[in-house]
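We call the chains A, B and C, going by the order they appear; numbering starts again at 1 in every chain.
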């Protein structure tokens, strides 16, 4: 068991290094000279010295391998360079926008599981009934619906419902207030993007819960519990759910990728100032320093999440624990 | 069992064959922590035209031996002299000519044929790849000939494997083995997965083919009754070593090694009165792991006649009776 | 010498069905899958015959008819430039399916080569390749696609590249595990014992036996690629005007007019969802149909 833990944690390092190498390579593939692209205003005339200064500032005049070492070392220290667009340190920009995205992501996972697990269980218990059919359609739709469209539809719904109910259309606020300062405002801002981002995850979780639950319910120990006369909801809660939920844990790791992707577009839809939106802006503005830093950040978060999930799964599954 | 076609000169000679599979473990770097000694130094010969039976329980290394001879695995040590040439040391690129001479029939008729290929294509493929018959029409005729030699209607060439029964598929496997006109065929439990009535048919087929095409067989099996019918000589393996090697009748009538005796005692005799009179003495214990075999004679923990020296010394094969070899220090004749 | 064993009588006959019969069986047994297939076929036809079917040109501005609700003249309404929504959706189908199929096909084939090759050769090659693929898979799809777009720019070709790259390792991973289970199978051993070369064994014996997961992956990827392209176009970083694309139709303007002209927001998204839904249903049904345990050929 401990060997597994150590092995798993150690695996993070080569993966991240490899990812850093890939990001580094990608950024070097940008056609043309970055500095020329940035400074030359499309007309072909540019100041030689400004370009040289830019090169020196970005460290482009040093050998490749040293540049890579700088890049990795900078990342480890938390120094991501200066944003080419705003001129401010990348870390500052990211830090300002991080709380929103984090809160939406956490909220999305919570909401998704709160919806999905009961519905998935219900779907399994009432297999092949009309309820099951509706829930299954709902979950397949979740995999097919683009999250930005869902966001737009949600805004549409909010506007129209609030117009009908209060006479004036209401939009969720877009300036972030931490949850401890003004919980109501904060939640009203975060809940709708969380629902949008979380829908896909809830669909996947619903399907997984349903199939895991169906398998568990067929097991002999459930039959025994029923034969003993145990009340149905106790059977579900005490015996079935624990075992059915195990594979759901691994889903969190897999779905994290889609969550991040969902964040990127959803923040655009709801006009929120989060990491996702920052990422899109950095691509639009050719702010390569920012793009590169954000990609590394996202990948690191993803790899760490998966590692934690694997370790939790190993801890939860008694078969692995006592290996 | 016809003895007529057997040559005195050995076609296949195995000396000190070893096949050890590494067991690795480690956190960052995988270190070798042990070995599975699947085949741990065996010697035997197969004469041209004879059928040598190789018997033993699952895990004794007989299938691995067959795979080494076929060069599906590369032996870790030892020599395999086929017609005088040590094939254990050959590089992969030199193996092609060998493939024509040594072929194999596998155990499972259900997974030994590519489900996506028609039977005719399966048999024709080796002929085509080795360039034995480049003309498609003559090749197809050859395929039909092979099918009928193996007891199948030539129409089967257009069938897919899943459209045939187990016995029929095994015949296809045999036809494929014959396609390259080999001299030596490794029958790796070729009848073990078949129903008993079909087993008899296939065994008879193999016997007929041996005579017709002057083949030599290495017949790997765990069913002793089949072995008795088909083989001239039999080698008994236990945990990667040969414990007894003798002429077939001699082995069955006069087993000398304690393990062989136990194996034969476990085979029921079809006559109820005889069977009732036998005292059944099962071997105690279970087959130990091949990673950590017992010291000295590997059978000593379960052996009824083991003594102190059996734990220290590994017994070599001794010829205790004419053409009857036993790897045991305590057997006296 | 005569053969003692008799010629086997033809006693075990299976019905061999033609492809048409099998397709019909599929339709009868998998109604949802057939429904999905029908949706896909409709979208494909729309894309192929866009010129004949679409009532208007997708790029024709008509400032006299801006943001009109659905009517007989414009079945799905018009957008803020007076362009007919129905025509834009029909032409958008073409873009979506071109991108979807291109990405799926390229990624699947590349994944097949890498996955089966890696499984077959094993050893160091497998180890290092898996490491590389793991690294690429550490990037969420949209993130990597956006990074590629950041470098190479926007437009249909770059979008296809950007989406294909993250899909390749996902495909290779699945096909590798399928191939691994086949590598130890006796008929592959028999092929080696006959002295066949690597390419013959891989192409003739291994690849045909991973066709089932390959097809299922293909259908799943088309859906994912369509979603990814729509997201990229929505962000303005995918297909660019004047190429009609569903994601583009939802960009920017859709939100402004969301309350006053909801049809601008609803229909393009519905088209995306419906198409991906169709592929999902078809893929699920295909998986059930190809399951060897349930197979009835």
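Here, contacts are C-beta pairs under 8 Å (C-beta built on N, C-alpha and C of every residue); 3 or more make two chains touch, one makes a residue touch a chain.
Keep in mind that this is a model prediction, so the values were computed, not measured.
Geometrically, the chain at the heart of the complex, using CA-atom means, is C. The chain pair with more C-beta contacts between its two chains, of A-C and B-C, is A-C. Taking each chain's centre as the average of its CA atoms, chain A and chain B sit 57 Å apart. Chain geometry summary: the mean Cα position of chain A and that of chain C are 24 Å apart. Separating the centre of chain B from that of chain C, both taken as means of CA atoms, is a distance of 48 Å. Shared interface positions of chain A, defined as residues touching 2 or more other chains, are absent. Considering their complex, residues 1, 3-8, 10-14, 16, 185-187, 189-196, 200, 204-205, 208-209, 297 of chain C touch chain B. Those residues of chain C that touch chain A in the complex are listed here as 131-132, 134-136, 138-143, 146-152, 223, 227, 230-231, 234-237, 247, 250, 254-255, 258-259, 262, 265-266, 268-269, 272-274, 276-277, 280-281. Of all the residues in chain B, the ones that touch chain C in their complex are 70, 72, 95-96, 98-100, 102-104, 106-108, 111-117, 125-126, 129-130, 148-149, 151-153, 155, 162-165, 167-168, 171, 173, 176, 180, 201-202, 204-205, 207-208, 211-212. By the touch rule above, chain A contacts chain C in their complex via residues 14-16, 18-19, 21-23, 26-27, 29-31, 140-141, 143-150, 152-153, 155-156, 159-160, 163, 169, 256-258, 260-261, 264-265, 268-269, 279-280, 282-284, 286, 288, 291, 295, 298-299, 302-303.
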